[in-house]
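Structures are listed in the sections that come next.
Two complexes come next, and they have one chain in common, subunit A, joined by subunit B in the first and subunit C in the second.
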Partner chain A sequence: MKLKPPITLAWTRFTSCSGCQLMLLNCESSLAELAQVVALREFPLATSTECKDEEIDVGLVEGSITTPSELERLLALRRKVNLLVAVGACALTGGVNSLVRGERRQAMTEVYAGQADEWNTFPPQGIEHFVKVDGQIPGCPPEQGELLNSIGALLHGGWPGHQVMPVCMECRINENPCLLERDCAPCLGPITLAGCNARCPSLGVPCEGCRGVVAEANRDELRRLFITAGLTEQDIRHRLERFGEAP
Partner chain B sequence: MTRLVVDPLTRVEGHGRVELLLKEGGLHEVKVRLLESPRLFESLVVGRRYDEVPDLVCRICAICSAAHKLTALQALENLMAIRVPPLAATLRELLLLGGHLQSHALHLFCLILPDLCDTPDLLVLLQRKDPLAEAGIKLKAFGNRLQEVVGGRVVHPVNPVFGGVSYFPCRQDIETLLKELLHWQTCWPDLCTQFLQLGNYPEARPVIGNALATGLQESFALNGESLFYGKEQLISSSGYKELLGERAREDSHAKDSNGQSGPFLTGALARARLAADRKLRFDTPAEAFGIHGNNLAQASEIGWTLQRLGQLLEILLEADPAEPLRKTLKQVNGGVGTAATEAPRGLLIHHYVVDEWGKVVAADIVTPTAINQRVMAAQIMADLADEKDHERLCKGAERIVRAYDPCISCAVHLVRVEHSS
Partner chain C sequence: MTDFLSPNYLLTPSTLDTLADAITKLSPLAPQVNADGLCRLQPLSEGVLSSQALSSFVPLKKVFLPPREKLWSFQSGQFSALKQPEPFAVVGVPLCDLQALWYLDQVFADDLPYQNRRARALVVGMPCEQDKECRCDRQLMPLAGDLFLDQEHAWALSPAGEALLRACGAGETTNKPLPWPTASAGTRPMLTEEQYRSAADAAIWAEAAKGCLSCGACSVVCPTCYCFDMLDESATDGSVTRNRSWDNCFFAEHAKVAGGHDFRSGRANRLRFRMEHKFFGFGALHGQNSCVGCGRCRTVCPVDIDLDQIATRLSGEELA
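Our next item is the complex of A and B:
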C-alpha cells in the first residue's frame, strides 16, 4: 500500500525511557524535511497534544505494556492505525523492563513500600503479545538511520529489507579485531541481529545484544565460547536475557 | 470546594499531574503527582553481577542516561576501592557535560521558549523558522555530538565501563568538536538573553527549599563524595539517607519523613547558590525570579559548561592516547558503595550493596526530581496564593512545575503524593 504524503503519524509511548523517541528528535538536520512528508499527530517529548484523529496512517509504538490502562490505549491505537510499528527493545520484547524476577507484587512493595497497592500492574511485555504488529525497528535505542529509512520506506509503500546476518559479520567487514578471541570478552555479536554497523565492537566495547537475537543463531557455540572465556552459567543467562533471549 | 486538574502536564519529561483544590475561591491545597508506570530498576538489578548494573540503570531515562551510568559506575568503583585513570576521568566529565548541554538546551529551547513566545510547542516555532529556536536545536545537537564522540552512542553511552573507559576518541573528532565549541562560546551571550529577562516570567515568591548539591570542586563534582547544603554544611554522600529521609514508609507520610534540614531544592539554581564559580552575574538579582530563576541558572550554566568543555577538549588534544584508560580489578570485593553526581537536573545518588561474589544485594537510587517533588507543591501554593482566575491558576501551576525541569521517568523510583496546604 502506497501512502500519499503527508502521511499522518502518531508516536505513542508506553513504559519506556523515552530513548527511542529521543533518537528521532535527535535527527535535528532531518526534522525539517521530515515535517514536509509526515504530519506528526502525537509526539510526547516535543508536544503533548494527544491525537484525536479517528484514522492514522502509521502508529509508532515505544515502550512495553505494564498496566491495564496501557493495554486499553494500545488496543484503541491498533483500531485506528493502518500500520503499527514496534520501535525499540521495550516494544519488541519488553526490554530491560521485563528483567524483574519473581513475585512482582513483592518487588513493588520493596521499591514503593506502602504505596504498592496504588499501582495495578503486570509483568512488562512487548506489544506483539496483544496486537498484530506490521513492522519492527529493533535496538535499545534504535539507530537513527534505521528510523529515518523505515519512515522513508513507508512513504514509498514498502518496508526496509530485514537484516539476516549477525553483528559479527559487520565486524568482519569493518576488519575489527574479535573481542571474544582477543580479550575473552562476553561479546554477543555472534548471535545478535546486525544493522548497527557493529557500533560497539568497532569501538572496542563488547556487544550487549541490544538489537535482539538473529534467526538461526548458533547459541551452543556461543555458550561454549563464553564458558571458555570464564563466564558462569548464570552470567551467561543474565547476559542473554537482557534483550529478550529466554534462558 | 472546587478541584482543578492539570493532566497531563505539558512539556515536561514523562507523565505528571497537578491538582489544585480551591476553597472560597482561593487556593487551599496543591497535589503534584508523578504518574509514570513503575519500572522497578532498584529491584531488577538485585542478584545480577555488579558490572551489569550500569548498563541496566542507564535505561531509567534517555535524557539522563549518561548521568545514571556514570553515577552507578562511581558508586560501584567506590565500593571496590578503585580509582579510574585520570584520562578516563576527563572523558567521563566530558560525557557528563555533553549531557548537561543537551538537557539544558532541550529544556530551555524546546520546553521553556514556547512559553516565552506564547506558542503551544517548539514545532510551531520551527515551522516559523524562528532563529532562536533553530539555534537552540543546533546547540542541543552539539551536546549530542559530544556524547556520541565520547560515549559511543547519543543515548545509553557504551564507552564508560567499570574501572574507566573503553576507548579514546579519534583526534579528528576532537578537533571538529573544539572548532564548533568556539562558535558556541562566541554566540552564546547573545543567544541566552531571552532567558534572562525578568519580564518574561510570571511574578514569583522567594524560592522554597534548602539548596543541596554535591560538594562542588573545580571538576564537575563527578567524584561527589560529599553533599553540600545550606550555609557550607558538608556531609559524606553515604549519609544521604539520614539527610533526605528518603524512603517511603508504611507508617509515615512524605511530610514526616523529610530530613531535619529539608525540604531541599536541587538543580541548576541550587548549584548557582552553592558554588562560587557558578554564581549568577546579572543586573537583576536572581531572587526576583523566584523558581523561574532556575531557567536563568541553566542559561548561565551553559555558558560555564562551554568554557569547561574547552579546557577538557584541550586536555584530550595534548593527551597521549596510549595512556591507560581502565583499571582492572584483581579481586571482587563485597561492600557498600554510594556516589553522588550533579545530573543536569540536580543531585543524583546511587547506592549499592554487593556480596562477596560480586552480586548486587540491594540498590537505592535517588533522583533530582524525587528530591524537588517535595518543594514543588509548596512553591505553587506560595506563588499562586492570591490568584483567583482558574485558567491562570492552571497555567501558572504548570509553568512552576516546568521551571524545575522535572524528569518524571527518572523520578518514579519514589512515587508518592505531595500535599501542601
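Our next item is the complex of A and C:
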C-alpha cells in the first residue's frame, strides 16, 4: 500500500548504543529532504518527544529486549504501528548484547557482585521473538543508504529487495586480498549477508558477521577452514556468537 | 578461426611510437601487479609499450559489464538517459580474455549499456606467458578486440583496429600467426554432453559440492560468467533507480521464483548447473564451451573446487 507523505514514523530504542539512530542522523545531506516526507513522532537521540497512543504508520525499533518493561513497551508499540521494522543487529538477533549467552550468571556476578539479583532482566533477544516484524535492516550499525532506501521504499508502498549474497562476493568484486586465505584470519565473509560493500575486509579487518548469516550458510565447511587456520572450537563459537547468531 | 584471418602488420619503430601515442590518448587500463601481490586492471601507470598481458584477478568483463551499474532512474515522470562513456582503451589483455570477450559480445549483443561501452573501447591484446593454471585453446572460439601487439608486429582484430594501424602508418603485412602459448590445449578435459547428462545422479556432484561455501568468488573471477540480478532502489526524494549487479549460481536465491519454489535446491544441483552452463551453454550459445581455460576459478576457490577435475572424472579419463 502506497503511503501518503508525510508518513508518521516512531523510532523506539531498547537495549542498544543508539548507533543505529546516529547513522540516520548522520545522513546530513538527506535530512531536509527526509523531513518533507516523514513526520517524526519519536526519535530519542534527537528529541525527547514520545509518541502517545495515536496510530503510527511505521515503527523503527533499535535494540534488543532484555527486561519485562521493555517487552511491555514493545507490545504497546506493535499495537499502534501499522508496520514494524527491526533496525540493526540488536533488534534482529540480540546483537553484541547477547555476547555472554551461556555464561550469563557468571558475568552478572562479576560485574554487579552482590547486586546481580536486583536487576530484573532476561537474556537479550531480537524483537522477532515477541512480535511480528514486517521489515529488517541489518548491520551494526546499518548502512546509511539502506536506512534511506528502506524509508524510500515504504513511501512507494513496498520494501527494498535484497540480493542474498555473502560479504565474500563484495570483497572479491572490490579486488581485496583474501584475509582468510592470505592471513588465516577468522573472516566471516563467506557466510555473512552482504550489503556493506565488504566494509571491514576492505580495510583489512576480518568480517565480524554483524549483518547476520546468509541463507543456507555452509557453517561446517567454514568451521573446518577456521580449524585449519589454527582456531579452537571455543574461538569459533565466540566468533559466530558475537552478533547473537547461534553456533 | 579468427586469428589466421587477422591481417598482421610489420611495425617500424616510428609506427609503433605513433600507435603507442594514439593508445595513450585513450587513458588506457592495463593489468598491473600491486604491492599486495594482486593483479588488477587499472589506469596504466607506465608506457603502453612496456605493458604486458597478465591475468588480472577480476577479468576484462568488469569494464563492459560492471559489477554494479545503474540501468536507469525515474523521477517525476522522467527517465534519465544512459550516460555514454568517453572513448577508452584497455591494453595487455591475454588471448583467453579476448576469447571470453567474444563470448560476452554474443550474450550481450542486444544489451545497450554493454554495447555502449564496447563501441567506445579499443581493446588491445598482448602476448602472455603461460602459467601452471592456464589451459587455453585457440580452437575454442574466435577472438574479440581490436588489436594484438608485440614489440614488432600488430594484428588487426577488427576493422577499427585495422584503420588505426593504417592511420599510424602501418603498411607492410606478413603471414605471422598470433603467438598462442604452445603447450596448452592438450590438458583440457574432453567431457561430452552425453557423458554429462548420463551422470545426472553421480555421487561426484554432492561430493564435490559439499565444501562449497557459496562465497561467489568463482563467478567474480570467471571471464565468461555473466549472471546478474536486478534490484530497484527507492530514494526519499521519490526517485527510483534500477540497478544491475553480478550474481552467482551457488547462491540460495539464484533459482528461487515466486512462491518460494527453488528449482535448483542444494549445492549439488547448483554445481551441476554451473558445469552445464559453462561447458555446454544455453539458448543460441548451446554447444559452445565457454571455459577459456584461464584457471582463475580453481585458483580463487577457498575449498579448491576444480571444474576441470570434475569434468575429467565424469569423462572417465585422468587429468594429465
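The rule is short, and it goes like this: the second predicted complex is superposed on the first by the 230 of 247 C-alpha atoms of A that agree within 3 Å, B and C clash if a C-alpha of one lies under 4 Å from a C-alpha of the other, contacts with A are read in each partner's own complex, and residues count from 1 in each chain.
Note that a residue touches a chain if its C-beta (ideal position, glycine included) is under 8 Å from a C-beta of that chain, and two chains touch if they have at least 3 such contacts.
What you are looking at is a predicted structure, and each value in this text was computed from that prediction instead of being measured.
*Asks:* After aligning the two structures on subunit A, examine subunit B and subunit C and state clash or fit.
*Replies:* Aligned on subunit A, subunit B and subunit C fit with no clash.
*Asks:* In the superposed arrangement, which partner chain does A:Ser18 touch: subunit B (first), subunit C (second), both, or neither?
*Replies:* Only subunit B; A:Ser18 stays clear of subunit C.
*Asks:* According to the contact criterion defined above, which of subunit B and subunit C contacts more residues of subunit A?
*Replies:* Counting residues of subunit A touched by each partner, the higher count goes to B.
*Asks:* With the two complexes superposed on chain A, say which partner A:Gly230 touches: subunit B (first), subunit C (second), both, or neither.
*Replies:* neither
*Asks:* Can A:Asn149 be said to touch subunit B (first), subunit C (second), both, or neither?
*Replies:* Only subunit C; A:Asn149 stays clear of subunit B.
*Asks:* A:Arg242 contacts which: subunit B (first), subunit C (second), both, neither?
*Replies:* In the superposition, A:Arg242 touches subunit B alone.
*Asks:* After superposing the two complexes, find the smallest distance in angstrom between C-alpha atoms of subunit B and C-alpha atoms of subunit C.
*Replies:* 10
*Asks:* Within their complex, state which residues of subunit C touch subunit A.
*Replies:* On the subunit C side, the touching residues are 36-38, 40, 57-58, 67-68, 210-217, 220-221, 229, 231-238, 240, 245-248, 251-253, 267, 300, 302-303.
*Asks:* Which positions of subunit A touch subunit C when the two form their complex?
*Replies:* 30, 33-34, 37-38, 148-149, 151-153, 155-156, 158, 160-166, 168-169, 172-173, 175, 177-178, 180-181, 189-191, 214-218, 221-222, 224-225
*Asks:* Tell me, which parts of subunit B touch subunit A in their complex?
*Replies:* 8-11, 13-14, 36-40, 42-44, 47-49, 52, 55-56, 59-63, 65, 110, 120-123, 126-127, 137-138, 140-141, 144, 152-156, 158-159, 161, 166-167, 247-251, 409, 413-416
*Asks:* Spell out the residues on subunit A that touch subunit B in their complex, using ranges where they run on.
*Replies:* Residues in contact with subunit B: 14-23, 26, 28-29, 31-32, 35, 40, 45-49, 66-67, 70, 95-97, 99-101, 107-108, 110-115, 118-119, 121, 124, 140-141, 199-200, 203-205, 208, 235, 238-239, 242.
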